[in-house]
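Each of the two complexes below includes chain A, the first together with chain B, the second together with chain C.
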Partner chain A sequence: MAQLELLDVGHCYVPGEGEDRWALKPLTVTFEAGKTYALVGPSGCGKTTLLNILSGLVSPTRGRVLFDGADMTRRSTRERNIAQVFQFPVIYTSMTVYQNLAFPLECRNWDSRRIDAKVRTVAEALGLGDRLKEPARKLNADDKQLISLGRGLVRDDVAALLMDEPLTVIDPQLKFSLRRRIREISEQFRPTVIYVTHDQYEAMSFVEELLVMKDGQVMQQGTPEELFESPRSAYVGYFIGSPSMNFLDVTQDGSGVWLAGQRLAMSWQPPAARVPAEASGAGAAQAGVLQAGIRPEYVRLASAPGPNTFPARLQAVRDHGPLRVLHVEIGGQRLALKLAREAGVPHGDTLLVELPRAKVLPYVGGQLATVVAG
Partner chain B sequence: MSRAYLTFKYAFIAVWASFVAGPFVWALTTSFKDANGVQGGATYLPWVDYKPTTRGWQDIFGGEGGVNVIQPFLNSLQITVLASAISLVLGSLAAYGLSRYTYRIGRMKNADIVFFFVSQRIMPPIVLVIPFFFLLQFAGLLDSIPGLVIVTVALLLPIAVWVMVDFFNNIPREIDEMAMLDGCHPFAAFVRTILPNSLPGITVAAMFCAVFGWNDFFFAFRLTFTEVQTLPQAVVALNSSIPPWWTLSAASLFGISPLVLLAVWVERYLSRGNLAGAVR
Partner chain C sequence: MDGMRRYKSMFLLPGLLTLFIIIIFPLLFTIRVSFSGWNVSNPHMDFIGGANFVRMLADHRFWASILRLILLAGGTVLIEYVLGFALALMVWRNVRGQRVWRVLFLVPMMTTPVVMAAIWQTIFNESLGPVNDLLGRVGLPTVQWLTSTGPATVALMTVEIWQWTPFMFLLLLAGLLSLSKEPFMAAAIDGAGPVRTFFKVTFPLMAPVSVTALIIRLIEASKMSDSVYVLTSGGPGSSTETPGYYLYIRGLKEQQTGYAGSLSLTYLVLMIVTLTIVSRLLVRTLKTRTG
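This part shows the complex of A and B:
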């Protein structure tokens, strides 16, 4: 395993394109050795490009790629010794399951006894032990993907294991056990794992750090907890969490922050919004509008009026697994909150919701506002 | 499926089959006739309409007053096999490169380069034969098998490249990417993972090469004199002021037989979609 670094790496597929349209805008990231990372973001946000730059399938337009400090930018895919699993299973149709799994080791000139032992161990772990002699093309998509995964696992000296939405084609039931297996393997061998997914649960369930990407940029890098507790932008707040974070437009004057005509206390006092006088309409809203962000998990129902407690109208109730999601309206703005199922649905459509001060974060123009000293 | 449709379908197939097979059947019967059998109107049934004889077949295998087509046959075989093999090897390599890497020669991109290859076959052969003549003369290869092999490769290579580029473009790129991730050099990735999946494409290209190489008359006719004679030349040489239809028919049938056998043999490789399910 190795520490992978990207220094000012950017890529565009159309030569001569303006930098604002690059598939991957210049970025610097370090993936520490032995840690598990996830890249999340919508389709086309540059996740796969980033992986392919790491594995050398794509040569970056700009920047340097370092493995343990050694410059690998111009090295071939073969020399980088990376295992990668694609979204769709890739198998060598002319070979058997055994030959498929042995192929990466044969390419590295291992001796046949060592190959045999290793292939059998991995095949056993993947549940393919009794199908080694079958032609690989006869297997179904799930099992083919297991072979793809297996080819990544037979080499235990890889610099990193890159997985590009490997569970997309996998049957939901198998997905769960396969995910657990990937986690076990990553805990056992401690390879550097970079896992691309658009399923945030998949990502949150077994990675140490997440990188949320959008339009070829990393919006935020952090532990699942950091991304959940303090998303640095409204985008990350929307993307991580289900239902996504609530953002309420609030106003600010000399005496404080106001929501629906009532005072709202926040985690910290946002800096006074600077709306340029000439900006108006949507431009002004985007430029400097002040919003209060709070996770649906932290909104509480209150029984009596109090600080940070607002009257709300119940709009809808949705089942959400063991929880219920209540959609309410405060002063014309929608807010979601999560309730335990046993709490029951409140009677009547008027209720009181409490926004705990410690969990209300200020956002200015879609970005988490900085703490103002004093 | 209605009865009328079925009747129509089989009637159509029958008409089409006789249309295709007719000339061959006619050549086959003619090859067993003699001068009496071909003069004075068409005859169809052996022993009834005419008296069958193997004279035509004897004449092409060194019978008295005939010729021996065995040596021309072997010459053609050597030239076709060698030229096809060279074209397939060079053609697959070129095609793989054109399919997987980006090239630019001046304003020409990959697709233009492929078209440039194919455009070699657009030129009328007569344009090429004079330069070929001088080039072979310069190299001392006129009237020799190596000379004809070189010329035939030049004719077959565009076909091989064209067929194989199209075929490789349909093989998912992920397969060679995966092979390189697994630790192959690009060339090893090609040989070990792409070629085994390319049998149908190679078969098509080989078939084209064999047909064009085997049937070439013009270049062999212009670039050889006495030492080397190919089968098409030998067949044409059988002709005279009174055409010996029986020997010509026998020679023609003998001439196409390798291609017919080849077609029957390779058919199984064409229909097998080996690549289905390599990705996804």
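This part shows the complex of A and C:
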């Protein structure tokens, strides 16, 4: 395992394109040795490009890639000693399961006894132990992906294990056990793992740090806890969590912050929001508008009026298994809240909801507001 | 229903008619002719039973040409495959002047075989040709390229290979370009070098295309005759004669229509059987090992 660093690394697939259109905008990131990271973000946000730059499949347009301080930017994939698992199963069709798993080790000239032992261990762990002699092409998609995964896992001396949405094609039952398996392996060998996924649960469930990406930029890097509790931007708030974070437009004057004609207390006092006189249209409004952000998990139903308690109209109830999600409206703005199943659906469509002060975060123009001194 | 069926078959008629005129009729006619003694002094469709076939069995020149064809076709196609694959691999990835190379490699295929064979004849000419000139300059003895058996075979194969390697190149390049990138990315990640990647990834993935290319070329090569005609006229003696060229001598030069009919029929049947077996074997050995 190694510490992976990207120094001012950017990439564009179309030569000569303006920097604002690059697939990956110049960024500097450090992936510490032995830690598990996830890259999350919508399709086309540059996750795979970042991964391929790390493994050497893509040569960055600018910047340097360092492994444990050594410059790897111009080194071949082979020299980087990286294991990478792709989104779709990639197997060597002319080989058996065993030969597929042994291939990365043969390429690195391990002796056959060591290969045999390692292949059997990994195959056993993946549940392919009794299918080693079968031609790999005869397996179904799930099992083929297990082989790709296995080829990534047989080498335990890799600098890092990169996984590009490896569980996308796996069926849900198996997904669960595989995820656990990957976590066990990462805990056992402590490789540096970088995991690309669409699925935030998959990410949250076993990584130490997440990088949320958008349009080729890293929006925020932090532990799952940090991203959940204090998303630095509305985008991260939307992306992490399901249903996503609530953002309510609020107004501010000399005496405080107001929501639906009532005073709203926030975690901290936002700096006085600029409301440009010419503010009109969504884009302009977004620039300086003050919003209150709160996770649906923290919104509570109240039985009596009190501070930060607002009357709301119930609009819909969605079943989320152990929880129910209530969609309500406060002064014309939508808000979601999570309710334990045993709490039951409230009667009537007029409710009181409480927004606990400690969990209400101020956002100005889509960014988490800074704490004003004093 | 009956009317409908008749109506539908009307549409098949033009195709069937063409097929009959250009394939079925000549074939049936050849079969009939092969049982006749039709020749230049007796131009009649009489019936002489299997006499032509009996004569053929003892015709060593014919059987020698068949055997020669198998060696020539097999040898040239194999070399074409290796060269074509090498060239295709060369311009497969991004190389400087990729487009120019790709077009340049195809030029020989676009040349008329007769013209090309004539040019090669000049190149191999024993006293005037550049090949012997070159050999002389480096101090090697000159070779009787077109008038001694071994060198004439080499010359013939050279011409065939020169003309048809581009075809192999074209098919194999198309095959390479259609391969998905992922297995190559995986091989790079797994640490395979270029040689290992070729034998373990590229070659197995190319098996279906390879089989197709080899079979198409073998079918084409089994008809080899025009280059023989121009380059050596089957000589020296009959040592570079192919069945196609031998048929031309018997049928068109000597006007032994009946006998030539029986020869061509046998040639056809032999080639169909051989090529079928060869393709089956190729498919089995190459295709079954891959998806």
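Note that the second predicted complex is superposed on the first by the 367 of 374 C-alpha atoms of A that agree within 3 Å, B and C clash if a C-alpha of one lies under 4 Å from a C-alpha of the other, contacts with A are read in each partner's own complex, and residues count from 1 in each chain.
As a working rule, a contact is a pair of C-beta atoms (placed from the backbone, for glycine too) under 8 Å apart; a residue touches a chain by one contact, two chains touch by 3 or more.
Since this is a predicted model, take the numbers as computed values, not measurements.
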**Study point:** Room on chain A for both chain B and chain C (clash or fit)
**Key:** clash
Check your understanding: First (chain B), second (chain C), both or neither: which does A:Arg108 touch?
Key -> both
Exercise for review: Could you look at A:Ser94 and tell me whether it touches chain B, chain C, both or neither (first, second, both, neither)?
Suggested key: both
Check your understanding: Between chain B (first) and chain C (second), which does A:Val317 come into contact with in this model arrangement: first, second, both, or neither?
Key -> neither
Review point. After superposition on the shared chain, which partner residues are touched by A:Leu132: those of chain B (first), chain C (second), both, or neither?
Key: neither
**Study point:** Contacts of A:Ala33 with chain B and chain C, given as first, second, both or neither
**Key:** neither
Review point. Given the touch rule stated above, what does A:Phe86 touch, chain B (first), chain C (second), both, or neither?
Key: both
Practice item. Enumerate the residues of chain A that count as touching chain B in its complex and touching chain C in the other. Key: 55-57, 76-78, 81-84, 86, 88, 90, 92-95, 103-104, 107-108, 137, 148, 151
Practice item. Give every residue of chain C touching chain A within the complex, in rising order. Key: 182-183, 185-193, 196, 200-201, 204-205, 207, 289-291
Point to revise | chain C contact footprint on chain A (complex, rising order) | key: 55-57, 76-78, 81-84, 86, 88, 90, 92-95, 103-104, 107-108, 137, 148, 151-152
Practice item. Please name which positions on chain B make contact with chain A in the complex. Key: 172, 174-175, 177-185, 188, 192-193, 196-197, 274-280
Point to revise | Complex interface listing, chain A residues touching chain B | key: 55-57, 76-78, 81-84, 86, 88-95, 103-104, 107-108, 137, 141, 144, 148, 151, 169
